[in-house]
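Each of the next two complexes has subunit A plus one more chain, namely subunit B in the first and subunit C in the second.
Up next is the complex of A and B:
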């Protein structure tokens, strides 16, 4: 009897290490390890943000010791609240202004460039498509220095300040629009335009009635992403600013943190983050709404849109 | 709705160094169901796209009812296309998809409504006007694409493998429907396909294409029964092609020698002499007991028997080394021949056809024909 039992159990005796190893490497098991790493990363990356948000409500000037909840850094403090401090309000204003102008200028130009680049076949088209990615991989500091030199040495009619900042933001934002819209264009293909032409639509009518509605989700998604990266930008805004009246929120936070950090700077960051989040979520929601039921189509854009979140 | 006569004259299309269409001359009279049949890359779709106006010919003419359309942009041509992918506008409802072309023509609103209704009735989609394309099955989308093109009452309807994405059963049903629809609306249909069965089923005439050229044009029975080139014989169903030496005509039949065996062929180019090919359809090949004798009989050994459902495909190696396929209807009786059996292959002279060898032969003579590709 004991023999009959002993044989099968003998094969089941694993060391602890073997069990752990088997548990991790079991190809049929649930991907627990993967889930663990993923959640670990999410917590790690969100924790500092949550802490910053928490201390913007701290009832003290401390950014490290919790003294209870207040909204005075947002509204009631007569000197240092976001509501009452002119430099905070100015920075917020400047950031929103830059982001809005960036969206309004970069999106249409980017869409037109994407249309041109996607349709252009022949000598130079490959190079142009590749060069379009350059602003995405160029270190921002290099871009900032180059633009400053450009505006102070060559195009001296552009003064540093808001105009230079807008031009700088537009310069690197266009690439994002082009990449997203061009991806959507490729996934749409030529057949819808051909069908429109076949049914008697002139090229401009085909663009207006067929291509634009199909591109709309990508356009909205890219506008949201442009807004997010513009409002977030520090390096280019810093290089091209001309002092207090072109200070953006990231610049202000940087300066304030080096001098005397207050919960209100955390509050500013929270405000900016909330606005960005709302914009991107709204953009992606619009994208999803318009591409619903298209089944698989535009998944590349979906990735980019999702990436923006 | 008379007219719809299309004439292609010396049509050429080059993409860089590649010649997709290499000088095509075709005449498609009005109200005909005309198919362009050929393997992928034979230039059939490029030809269709040139008729539609999506591609500009490198040279040549496209006459629609006598008028050269080669340089008219697609939105100004009186032809409409049903795309392989359907290309239904995903953001528009069925109603708006079908009405798209009419709105471009500035048709009055009440007429649009009426004609869209009629078109949807024609393709049996009444009641689905509010649906979006994504909410419909493949077959239904196909019908919307048809309605969208037909509602404009074009002189010519171009169809680019419109049934390619559908499953076999639905495809068969739609083949018959399409043919009936063409007869009902009475306009020219130009149909592009690589499926020989589809072309044979629906067409009034077929142009078999290969390498950017037209190999043969004719009614289905003619291109199937009387292929004029080896390519056509091979592409329209499995054929037995054999290299022979022809000795010219004697009393209406061509005497040919296949290895050591003498055969008589009474169809095709019976006056040919010298090296050429003969062809016979598998369904015309008879298998007889080894002992039988008579004209046009060649001994052989059964190499393989393949069950195809409605028939059995029997591959025989002839005494001279050639392989011949015979198709035996499945009548429920047990097959008399098994692998390795000696048989005598009877190829009636009225089923043997002498071909002109155009050199466009996609046939690998030593390779077995693919199983199941029988017409």
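Up next is the complex of A and C:
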């Protein structure tokens, strides 16, 4: 009986505000307001995209009111489905073509540049390093304007269109390859190659048989990243395009947002997003598979986080 | 063990590529900006030789960038939008990065994956998603009007009309800029917070600092490089943004300096003026970047001393 009386008097010492404050700051655990902000942020950053994916399956032309599930915007609608609409298919084609060419050209150039910049100590190496970093911080519109003027005023033999777009994409991709591969080069160190040389390997054998296999995961990962940033690129593709036959998916989405987007616009974005995510996940998986057992700290997540930068 | 010429030889293709397709194009911009305009065709006549440079167009643009000029309002608006978006990114991003670096234990991997996910979703798709949500009748638009938040924003002067989110609203543009760029801000910040040695904090607490004082005098200064790095990473591209305002607003009342450049190339016939604005914007950004490098250099020296 006395206990039942004592308990309320004990809690009475805390006002409502103190209790709310105590619950939010949670002094003996994780601060709850940080938990709320973090998960709130995560939901806010991802939910809109999930809703856009949902409306690509909407059984109506509306992007705001749900009318039931259909896949007609992907396959069966004779005019506006991704499968039947020529401009959608053309844009998908162009995006994939640019990304593939970008990977094929930028990856070898970037890998060689990474090797060169990491080990070349001499006149010009500092300036080259500086030059390599600049594309990473140059606003895309500045690159777009300068490449457009290069191709229209100086190198007039390059017409805007696919060729100009590929040249532009490679230009902003090289630095990403260099950053990723160089990071791997530093973590490998030179001792493996020196051991190979001590055991009688020629320089070319040391390169081919020791360094290349060790670099392979980073090369694959950087190829995946280049594919992803190329396929998601909008600004350079737009500035260097010459109209309908060099329109990419992001350009099509941009045009649609300024007119009337359809569920198939969401669908096209969903297709491109799926391709990007599969590529990146595959790239990271390969990277992890090859570097497993090296005893390095961190997880696949840290690698992705590193690639993000 | 390798011949001396090998590494420079490896670097050559990449360096040459960047010289021709990254550095040389800036010269093309300079040539056009300091050139003339054909009086009949209105096409640019570039001046490649510095002796023939005509500073008239750059001077004209600089003049219009001063108070009372045509671009003054656009310039001020750009700075305002970028500053407010950066402020929003810090307010939302710092607690998130801090929580994941310091407190998330079991959920850390999951949170990091979710944090990186937006990187691999096209920027355009993320904007398209908000168009769907904020269009009349969209989920977010209905929620905001049902909860009367839309009226509140209207009475606070943040929306020019209640329940109109996509028709030239500065509020929506800033919101979209924050949404678009914040992932690039959080990640470097997270990396710098994650690197902080916890023993510094324990020392501060052992010496009697309150949690707030420990944060203010230990965590915050140690995360300064990450904070500045993240800020630079989003501020530079934001100054060149034109697609975000075009997508979520499309009205001239929300145009930024990037829209002005876009207009001269894609809307109007005068690339010369567009090139002149590009040069001035680049010079402005180089100054910003220089300030950042100087700060980093200074703080790394302080750390050693």
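Convention: the second predicted complex is superposed on the first by the 259 of 309 C-alpha atoms of A that agree within 3 Å, B and C clash if a C-alpha of one lies under 4 Å from a C-alpha of the other, contacts with A are read in each partner's own complex, and residues count from 1 in each chain.
Keep in mind that, in the parts below, contacts are C-beta pairs under 8 Å (C-beta built on N, C-alpha and C of every residue); 3 or more make two chains touch, one makes a residue touch a chain.
This structure is a prediction, so every number in the text was calculated from the model and none was measured.
Asks: Have a look at subunit B and subunit C on subunit A after the superposition and call it: clash or fit.
Replies: Verdict on subunit A: subunit B and subunit C fit.
Asks: Tell me the contact category for A:200 with respect to subunit B and subunit C: first, second, both or neither.
Replies: First partner only.
Asks: Now for A:290: first (subunit B), second (subunit C), both, or neither, which partner does it touch?
Replies: first
Asks: State whether A:166 touches subunit B only (first), subunit C only (second), both chains, or neither.
Replies: neither
Asks: Which partner does A:214 reach: the first (subunit B), the second (subunit C), both, or neither?
Replies: first
Asks: Touch test for A:185: subunit B only (first), subunit C only (second), both, or neither?
Replies: Neither partner.
Asks: Quick check on the superposed pair: does A:45 touch subunit B, subunit C, both, or neither? Answer first, second, both or neither.
Replies: second
Asks: With the two structures laid over each other on chain A, which partner does A:31 touch: subunit B (first), subunit C (second), both, or neither?
Replies: Touch partner of A:31: subunit C, not subunit B.
Asks: So after the superposition, what angle do subunit B and subunit C open up at subunit A's Cα centre, nearest 10 degrees?
Replies: In the superposed arrangement it comes to 100 degrees.
Asks: Output check: A:99 vs subunit B and subunit C. Expected answer is one of first, second, both, neither. What do you get?
Replies: In the superposed model, A:99 contacts neither subunit B nor subunit C.
Asks: On subunit A, which partner's contacts cover more residues, subunit B's or subunit C's?
Replies: C
Asks: Of all C-alpha distances between subunit B and subunit C after superposition, which is the least, in Å?
Replies: 6
Asks: Do any residues of subunit A touch both subunit B and subunit C, and if so, which are they?
Replies: Touching subunit B in the first complex and subunit C in the second, residues 194, 197, 203, 206 of subunit A appear in both lists.
Asks: Please name which positions on subunit A make contact with subunit B in the complex.
Replies: Where subunit A meets subunit B, its residues are 189, 191-192, 194-203, 205-206, 209-210, 213-214, 290, 293-295, 297.
Asks: For a test of understanding, state which residues of subunit B touch subunit A in their complex under the given definition.
Replies: Touching subunit A from subunit B are residues 52-54, 73-76, 79-81, 83, 85, 87-91, 100-101, 104-105, 132, 134-135, 148-149, 152.
Asks: So in the complex, which bits of subunit A are touching subunit C?
Replies: 30-31, 33-35, 37-38, 41-42, 44-46, 48-49, 51-52, 55, 62-65, 109-110, 112-113, 115-117, 119-120, 122, 124-125, 128, 131-132, 134-135, 137-143, 145-150, 153-154, 167-168, 170-171, 174, 178, 193-194, 197, 203, 206-207, 228, 231-232, 234-235, 239, 249-250, 253-254, 256-258, 261, 265-266, 269-270, 272-273, 276-277, 280, 299, 301-302, 304-305, 308-309
Asks: Touching residues of subunit C toward subunit A in the complex: what are they?
Replies: Touch residues, subunit C against subunit A: 1-3, 6-15, 17-19, 21-29, 31-32, 44, 46, 92-93, 95-96, 98-100, 103-104, 109, 111-133, 135-141, 179, 182-184, 187-188, 190-191, 232-233, 236-237, 239-243, 246-247, 250, 258, 261-262, 265, 271, 274-275, 278, 281-282, 285, 289.
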